[in-house]
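A, B and C label the chains in the order they appear, each numbered from 1.
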Amino acid sequence: MVEEHSTATQSIQDNVLQAREAAPLHSDGKMVRLLDHFKREWQLYVMLAPTIIWFLVFLYKPMYGLQIAFKDYSIFRGVAGSPWVGWEHFETLFSNDQFLRAIGNTIKISALNLIFGFPAPIILALMFNEILNARFKKTAQTIVYLPHFISSVIIAGIVITAFAPTGGIVNVILGWFGIDSIYFLTRPEWFRPIFVGTGIWQEAGFGSIVFLAAIAGVNPSLYESAVVDGANRWQMMWKITIPSIMPTILIMLIIRIGNIMEVSFELVILLYQPATYSTADVVNTWVYRQGLQSGQYDLAAAAGLFNAVVAFVLVMTANTLSRRYSRTSLW
Amino acid sequence: MAGVSLSNIIKRYGAVQVVHGINLEVAEKEFVVLVGPSGCGKSTTLRMIAGLEEISEGDLLIDERRMNRVAPKDRDVAMVFQNYALYPHLNVADNMAFGLRIRRMPKDQIATTISETAAILGLTDYLERRPADLSGGQRQRVAMGRAIVRHPKVFLFDEPLSNLDAKLRTQMRAEIKRLHNRLGVTSVYVTHDQVEAMTLADRIVVMNDGRIEQVGTPMELFNNPVNTFVAGFLGSPPMNQMKGQLTETGARIGSAEIKISGAMNGDAGRDVIIGIRPEHVTLEPGAQTSVLPIELDLVEPLGSEALLHARFGDDNVMFKTETHGDLSHLSGVAEVHIPASRVKIFDAETGNALSLGG
Amino acid sequence: MMKWNLYSRGDKFFAIVVSVLIGMFTVATLYPFIYIAAVSFSSGFAAQAGKVVLTPIDATVEAYGYILVDPQFWISYRNTFIYTIGGTVMSLAFIIPGAYALSRPQLKGRRFFNLFIAFTMWFNAGLIPFFLNMRDLGLLDSMFGIILAFAVNAFNIILLRNFFEAIPQSFEEAARMDGANDFQVLWKVYMPLSKPAIATITLFCIVSRWNGFFWAMVLLQSEDKIPLQVFLRHTISNLSDDDEFAIVQTAAGFSAETVTAAIIVCSIIPVLIVYPFIQKYFEKGILLGGVKE
């Protein structure tokens, strides 16, 4: 007993075939659709190709060249033609005091960077968060971010000038207190403090951006309810801000640990000298001297490979940890 | 004739099939609305028509031509997106002209087309503005303008009103309808809102779980839903569905005997679902009505009408009745009356409508 | 300053202490620059005697005179501009289309390509194989070699790819339906929509090119190809090694210290000029590229 309806669409109804009988004309095969895809999207692959080729030529081809770490490399025979020597270079490396010292220095400098350099941007960010005067805050931020954009050559130039034995401002100030002039950059015991201190001076400000962003992401009503509950700023910092940015702190810490083998060797090269090698020489500077300055490519490549493998393992471990302990992974 | 024809359209993502063989003919100038809950495959179907999703199996014909392997730009269809996808860096005129310029339409022709379309849509004063400086309704109009200027064979709408507030939605709904009456372009419109479907469509396609449940005019679907899904989906508030049995003379829900029109051909005792639309009950007995005793729970006045929330046995039921400007007579309601001709019977297992009489 | 009035006395004290500490750190950051500027304008004698603390002593521009007449200074300055502009353009030419392609869900092998690129962030062959590769490619002592070999890095690609991915897919689809091909979608829609991200990457490229030192030192031999940073390094180490220079030139009104300071000032000035313009971008940029949710 279907009820009759005379609607305006009745005429359209008449024209329309109701649900057609099932009978597909034909379906396109997988190959046809793949061909269609490339016909339609070839431009995407054209866009991607230069980048992929670049990576192959400049980053993956050197990985192929890493085999010289296991070869008696000679320039004339080339990478492929040089004879294999197995683990010889690694045996040489691990009986080389200078190389072992470089590993030790790398870890020691990284450890100092971690202990003093890691908390610095966090403390800075927490302090910026307490500044009410927007103008003062903005100006201070602008200034403390600046050193990040200065080249290491200039940074080194500033350090050299400031720590100069005669006329350098550091020794001038020491002189006010009756302390004799120290030629800082030739003294092994001073290299690491100066290096780590310079790093903090250059990067603490810029590093605070990440933590400031994390702080900005804290729900403001948390602070409002804390105010209502009678908390003071110091308590809010410890009970709200720091716990809220803990995930960010953890992730940044994990990144740091993953990068322990990566001391910014450019600055080391610019600041160290033979007199301070005992505390300043890191793996990459050693590789630079052995390989690029003394031409022992295969041995230096072996040292570089060792460094890269350790770094890779550290980064992978760090990412696994980060994935496990926070919802974010680094990539 | 710029119709759209889908036959046995299937969509798979890897091993997962999300659209299971859609068959649908959209006639020229027809306005067809695909409606269904989210995830029912309606948007996927629309995007397959647009060419934004590959068709895994089946045939898509637009204007009699097979389109499966044709690029979206060559299908001569235009689409209005849910988020409008207006280019924020271009002003209104440039947004509308974008497609025309890409297709290398002569400049003066573009200018004429834009100004004509802007006039139709009431956007003439806003041509220099960026999308960010427009209201929601204006953005919606620009999005339609961008589709209109192309003079496509088919308009596709993907939930175009869902980003608007309720008031604007009603207003824009009417504008879309007027525009369709004026331009007469074949349109396929996707929404999850049954009110939009009812008001806009020449025909509604109710989809669920990657399948078409029913195709028909809004009133056909409203009056004769083929199953409980369609019955529950269209109409607001939805149809009351109560478990019961057929009897020799009608149907029984718990203790209540319900008269139905049409004979049951000896199906007495069969488990069924009895459907009654909230607006079909009366408070006074009529010629062919049965009594349903209820416990009144709550009265929600809507103005000229009121919603009665009530309980009948274990079922929550809802009825709609006129107030005549006064609620006092509703507070003591203890029974409603159901006209026999309005009662729908569905199979308890399959949910399919049972044809009565015959 | 509504908030200030609501602070308790303890809070006010705390805020003042923090402000003072921030102020001290800011001054400590700024001071070395001021000190260097002061040295550069002081006489060589004053600098060596340690008289310079905050302002120039026996103000003179002799040190600048010494630098600015050196043709090598101008050559390396010009080279740095070439490396910076050429390198940045080259980088963008690779990164923008590459990142766009990688951001498209319809790209076949997308996961593989992304891993292919990200892998280089975690593992690299190191200095020696890279150097030997450059030699094999014939790119030693080549300006083009420098520009090309440091054009791309995984971080910048991933940063921009993430940004492209965050743009709703419907923009591409709308442009597609309007008839645009991939190049047009990128050029006319995605690039204008990605101005902040592209600005950030441009900035990163400019900064790293301007400051690039190590590989320029290793790969370039010809004096007429070296950038400013290498020239700066040569000058600084030559001056401080050369005792005679110190004795002879101090009489002329400049010294190794003042000349070094003057070169530093000269090479910082462009950075200081551009810095305020770039500042609004890098805060966003560093977060864009950082941690991917």
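List of remarks:
Going forward, contacts are C-beta pairs under 8 Å (C-beta built on N, C-alpha and C of every residue); 3 or more make two chains touch, one makes a residue touch a chain.
Just so you know, these numbers come straight off a predicted model, no measurement behind them.
Core chain by CA centroid proximity to the global CA centroid: A. Chain centres computed from CA atoms place B at the largest separation from chain A. By count of C-beta pairs in contact, A-C exceeds the other of the chain pairs B-C and A-C. Computed centre separation for the pair chain A/chain B is 53 angstrom, with centres defined by C-alpha atoms. One inter-chain figure worth recording: chain B and chain C are separated by 57 Å, centre to centre, where each centre is the mean of the chain's CA atoms. With centres set at the average Cα position, the gap from chain A to chain C is 16 Å.
Counting partner chains per residue, chain A shows two or more touched chains at no residue at all.
In chain B, the positions touching at least two other chains are 71. For chain A in complex with chain C, the touching residues are 37, 41, 43-45, 47-48, 50-52, 54-55, 57-63, 65-66, 68, 78-79, 124, 127-128, 130-133, 136, 139-140, 142-147, 149-154, 156-158, 160-162, 164, 166-169, 171-172, 175, 201, 204-206, 209-210, 213, 227, 232-234, 251, 266, 269-270, 284, 287-288, 291-292, 297, 300-301, 304-305, 307-308, 311-312, 315-316, 327-331.
Contact residues of chain C toward chain A in the complex are 1, 3-4, 6-8, 10-11, 14-15, 18-19, 21-23, 25-26, 28-30, 32-33, 35-36, 39, 47-53, 93-95, 97-98, 100-102, 104, 106-108, 113, 116-118, 120-133, 136-137, 148-149, 151-152, 157-158, 181-183, 186, 207, 210-214, 218, 229-230, 232-233, 236, 240, 257, 260-261, 263-264, 267-268, 271, 275-276, 279, 282-283, 286-287, 290-293. By the touch rule above, chain C contacts chain B in their complex via residues 168, 170-171, 173-180, 184, 188-189, 192-193.
In the complex of the two chains, the chain B residues touching chain C come out as 50-52, 71-73, 77-79, 81-83, 85, 87-89, 98-99, 102-103, 146, 150. Those residues of chain A whose C-beta lies close enough to touch chain B in the complex are 1-3, 5, 7, 9, 12-13, 15-20, 22-28, 32-33, 36, 40.
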